[in-house]
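Two complexes come next, and they have one chain in common, chain A, joined by chain B in the first and chain C in the second.
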Partner chain A sequence: MSAYGTTRHHGQPSANSTPASTTLFRRLSWEGTVPLEIRVDSKELPANSDRGLECYYIQAPRVSYLPLLMPEIRRFLMDVVFDEAAGKMLKEEEWWFESEEGTLLKWHWPIGLIYDNHTISASIRPPSQTSTSHHNLQVTPLKLILHLASPPTEKLLLSPSAESCKQAFMGQLKEADFVRWGNTKRMTGLRKQDQDGIWEGIKEHNFDDYWRVASKIVPTTAPARSGSPPPSTNPSGHTRPPSVDPQSAPDRDNAYNVRSVPVRLYLPDGPVMQDVVPPTLEDGSPHTLVHYLSTHLPLLFPPTPYSGPELAYAMMHGVLVPPDAEMAWLGACMAGADGWVSVCVGIAR
Partner chain B sequence: MHRIIALNWRHPAPVDACLEIDDSLDVVDDGTTASHESPDSLTCHQYVVLSATFRVPAFYFSIHGSSGSPLQLSDIVQTTLLREDVCEGTVATTFAVSHPSMNFPLLSQGEHPTLGTPCWYFHPCETASAVQEILKESKENIRKPLSWMEAWFTVLSTAVDMQ
Partner chain C sequence: MASGSPDDSGRQAALPWTPGDVSESATEALQALDTYKKKDPSKVVVRFKAVGNAPIMRQNFYKITASNRFQAVIQFLRKELGWKAGDPLFTYINLAFSPAPDDTVSNLYKSFATEGHLIVNYSTTAAWG
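Here is the complex of A and B:
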C-alpha cells in the first residue's frame, strides 16, 4: 500500500486514469444478456422422455458462447427430459443448434452476436404479428432448436467443444490486436496464466477476472496527453489530474492512436464486412459511426444532406448507437469480449 | 481464386483408380471434378482469399471424401496435400495443428470469408515476412525477379504440394 492510498477503488480494473464512463460502458456491455428458449427437436426425443418439459429457458450473457452453455443444458436434459439410459447416449460433440427459421447457428460466434444477427435478419422478413415497435427491437426469446446428432458437417465448423471455442476466441483477440497495432505483441506478451485467465473470465462470466487481463491489451480512452501518474486518489474517489510526465505509457495504448479499429459490419443476409477503420479522418476529426456507415453503406445511410425517411439502423449489443459515436471510443468501450466491434445493420420498417 | 483438384492418401490402400487432375485456376467448374468412384478418391477445394485483417492472401481449402463429407483433421494430414515435414514438431487437436513457437495455429478451421463454408486455412500472419524474404533473395539471385504472388505461392508450396 503506497503512501498515497489504495490503488483500487470502485471495482475499476486499473487506477491508471480509466475514466468512470469507460468502465461503465464496459460493464454494461459485459452484463448484457439475451433470453434463449432451447427446445430439443421433437423427432430426436426418445420415446420414453417427458415431452411436456422439453423447453429450457436461459438468460445468457451476450459475451458467452453456445458450447459454454452445453453443460447446463445437459444437466437439464438429464434431470428433466431423458431417462438414465437415453441420457448416457448424449454426445455433446454431435450437438448443433438451429434457429426457428432453419438458420444454422455458429457456435464460434458470441451469443449476443447470434441474437442481434437474428434480429436484423428478421428485419427483412415479412413482419410477424408481434412487431409493434418501429425498429422491431422488442426483446423476445430467441428460439433455438437443439439437435443431438448428425451435425451438417459440410456447413458447420467441426468441434463445438469449449477448447476449440477458446482457441477461436483467442484468435479473435489476436486479430483485433493486429488490426490495432500491426503486430500482436500485446497478446503474445501475456503470460500463459493471463491468457488462460481471460478465457476463464468468459467461462465464469467474471468482469474483474476478464478485465484484469483485458486492460493490458484493450486501448484506453484517457485524454491522449495524460502521463502515468502514480496511483492516487483523494477521499472523494477521483483520480488525480493527469501529471506532466512526458513518458505517457497510456498514450501508447490510447484508442485514438491505433492504426485501425477492429470493426465488423453485419447485414441481414450478406457476408460480414471488414475494412480499415482509422480512428481519425484525414481532416483530423474523429471517425464517427455515421461517417463509417455512410462510407460503407451509402445506399442505406445516405450522406448528408439527406432528409428522407430513415432506411436502416445500426445496433451494437442490441442497442441503437448514436450516429456521432466515435469509432475509436467504441473500440475501447463497447467492443465485444473478443475485441471486435460488431455493428449489426437492420432495415427500418 | 478457386480450383478443385483430386488428392491421394499418402500411403494409399492398393486401389487402381486413375485420377485426372483438374488444374485450371480459373472459375470453378463443378462438373469436371476429377474424383473417381474409388473409396479413396478425395476432392480438394482450394481457395486463395485476401485476409481482411492481415491484408495478405491466405490459403483456404476443404477436402471431401467420395461420399461428400468433409475430412477430419487427422485424415487431412495423411493426404498428399501437405508436405510431410510440415507437421514436424506440431501438436494436433481435432480443430488445429499448432507449433509451440508460433503465435497462431499453423492450420486451423475457419469460415470462408465470403462463402461461409467451413474450411481449413494456413494462418496468414507470418506470410508477409516470408514473402518479403523471398522477394529480396530473388532480386539478388535471379535475373527476372518474382512477382509478389509468385513469391507467395513459393512460400505456400513449402507447406502444400501444389501439384
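Here is the complex of A and C:
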C-alpha cells in the first residue's frame, strides 16, 4: 500500500488514507511520456557541422518542461553537431522552440500539454501540399525546431532558465492551492526543504520525491467511497458504523470539500478557459466532466437531451476521458504535476 | 476508469481532409470553435492595491478588457506608476500568488474576483517567494 498518504499536516498516521486506485492514476499520469524530435534550425547550424546528425529524439515525461530538457540537448549538440569553438558560443538563455507550423512553444506549459494541444490543432488543420493527407491521433514525434538566438521575448514572456521554470511551476501550485481552498496555507506552510524537494522531484522525474511533498498539498479521495469502514473502534470493542463524519480530519483535505477544482480547458489554437469548478452541483450530485463541458462549451458538448453525433472529445494526458468522470476525482488523481487538470478539447470526426 | 492508455488506439479515426469531404458534424464543430475564438470585448474592474513601500496611485480602480493577457495589465501598471522596464515590479492576485503572464484577465476575474473586482497587488519586492 502506498505510503504517500501518510504525511498529512494533522499528523494522523493512516496507512490506507490514499486508496490504491488514486495512487495508480497518479502514477499513470506521472509516467506518461511523449516523443519529441528536436532539430536545430538549419540556418543556425555552423558551416562545418554535420547536418546528417542534426535531429535529436527524446522520450520526454509529460509532466516535465522544455527548459529541463536543455542540458541533455546541449550535450548532444556539443557531442555530435558543434565543434568545440562553436559549442562555446551556445547560450541556452537565448534558445527557443517553435513547432513546424511556426507556433511558439511556451516554457511554462508541461510538455504533455504542448504535445496534446499540438496534436489536436494539427488534426483539424487542412493539410498543406507537402504534408500527408491524413492526420490521425497516433503517437508520432512532435517535431520541434530549436533556435539558438534572438528569442522573441515579448511573446515568450519568461526566460528559459531552470530558476524561472521553477518559479513558474511554484506559482502554478500556489494558484491551484488558492483555487481549492481560498488561501495558500498548504503551500506557504511547506518548509523550504519541501519546496525545493518538490521541484527536485520534477527535475529528476522521481515520483516518490515529488509525492513526498505533493501529498501535503494535493487533495485526497475519500476512503469511505471505496466502501470500507474507517479503521477506528470505540473502547467497548465495537467498530464504529461507517458514517460519514464531515468534520473528521481526513475530510479537511478531501477532494470533494474544495471550493473549486483547478481546471483549465484548452481549445485547439486557443483560447484557454478557466472558471470556478465546484466539486458538487447545487443538487448535491458530483460535478461531472460532461456537465462541466456542456456548461462551458455548449456548442461542442450540447447539453442533454441531445441525440446528434458527437462533435468533440476531451483529452487529458493523451487519453480520452469518460464523460462521467468527476471533476473532484480528476483534481485528486489526474491533475498535472503543477496541480492543474488540463482538459484538451478535440474535434471528433 | 479511464477509457485508454497513451498507446490505446482509442479514437484513432483518420481525418482525411480533402475539400468537400468534411463531415457535417465536423463543420458544425469547427464553426463552434470559431465562435469560441472570438475575443470578449467586455471590460472588468481591476483594483490595484499597493503592498509595502510601493506607491499608492491616485486612481486604483480601472476597467480592463477581459481578453487582455495579465502581461498587458503588468505593462499598464508599470506605465501608470511611471516605472521603467527594468524597475522591479511584482504582482499578485489576492495577496496569494503570481499568475502566469499569459493568463487572461477574463479567466482570473472569473476565478478570483471578489465584490465585483479582481484585486491585483503590486510591490517593489518579491513578497511571497
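Everything that follows uses one rule, which is that the second predicted complex is superposed on the first by the 299 of 349 C-alpha atoms of A that agree within 3 Å, B and C clash if a C-alpha of one lies under 4 Å from a C-alpha of the other, contacts with A are read in each partner's own complex, and residues count from 1 in each chain.
One rule holds in what follows: a residue touches a chain if its C-beta (ideal position, glycine included) is under 8 Å from a C-beta of that chain, and two chains touch if they have at least 3 such contacts.
Since this is a predicted model, take the numbers as computed values, not measurements.
**Q** After aligning the two structures on chain A, examine chain B and chain C and state clash or fit.
**A** clash
**Q** Where does A:Ser164 make contact in the superposed view: on chain B (first), on chain C (second), on both, or on neither?
**A** Touch status of A:Ser164: first partner only.
**Q** Figure out whether A:Leu320 sits in contact with chain B (first) or chain C (second), or with both, or with neither.
**A** After superposing on A, A:Leu320 lies in contact with chain C but is clear of chain B.
**Q** So in the superposed three-chain picture, is A:Asp269 touching just chain B, just chain C, both, or none of them (first/second/both/neither)?
**A** In the superposition, A:Asp269 contacts chain C only.
**Q** Under the stated touch criterion, name the partner, chain B or chain C, that contacts more residues in chain A.
**A** With both complexes superposed on chain A, more residues of chain A are touched by C.
**Q** Kindly classify A:Thr153 by the partners it touches after superposition: chain B alone (first), chain C alone (second), both, or neither?
**A** In the superposed model, A:Thr153 contacts chain B only, not chain C.
**Q** Applying the touch criterion given at the start, work out whether A:Ala312 contacts chain B, chain C, both or neither, answering first, second, both or neither.
**A** Second partner only, chain C.
**Q** Let me test your reading of the model: by the given contact rule, A:Ala348 touches which partner, first (chain B), second (chain C), both or neither?
**A** Second partner only.
**Q** Let me test your reading of the model: by the given contact rule, A:Thr184 touches which partner, first (chain B), second (chain C), both or neither?
**A** Both chain B and chain C are touched by A:Thr184.
**Q** Considering only touches as defined above, state whether A:Lys174 meets chain B (first), chain C (second), both or neither.
**A** both
**Q** After superposing the two complexes, find the one stretch in chain C that runs into chain B, choosing from 3-11, 21-29 or 111-119.
**A** In the superposed model, chain C runs into chain B at 111-119.
**Q** Could you pull out which residues of chain A sit against chain B in one structure and against chain C in the other?
**A** Chain A residues touching both partners: 106, 157-158, 171, 174-175, 178-179, 184, 188, 271-272, 274-275.
**Q** Could you pull out which chain B residues touch chain A in their complex?
**A** The contact residues of chain B facing chain A are 52-54, 64, 68-70, 72, 93-96, 103-105, 108-111, 113-114, 116-118, 125.
**Q** Taking the touch rule as given, give the residues of chain A at its contact with chain B in the complex, in rising order.
**A** These residues of chain A touch chain B: 106, 153-159, 161, 163-164, 167, 171, 174-175, 178-179, 184, 187-188, 271-272, 274-275.
**Q** Tell me, which parts of chain C touch chain A in their complex?
**A** Against chain A, chain C makes touches at 1-18, 23, 25-26, 28-33, 35-37, 71, 93-94, 96-104, 107-108, 110-112, 128.
**Q** Quick one: in the complex, what on chain A touches chain C?
**A** 21, 25, 28, 32-34, 106, 108, 123-124, 126-127, 133-139, 157-158, 168, 171-172, 174-175, 177-179, 183-184, 188, 260, 264, 267-276, 297, 299-300, 308-313, 317-322, 325, 334, 347-349
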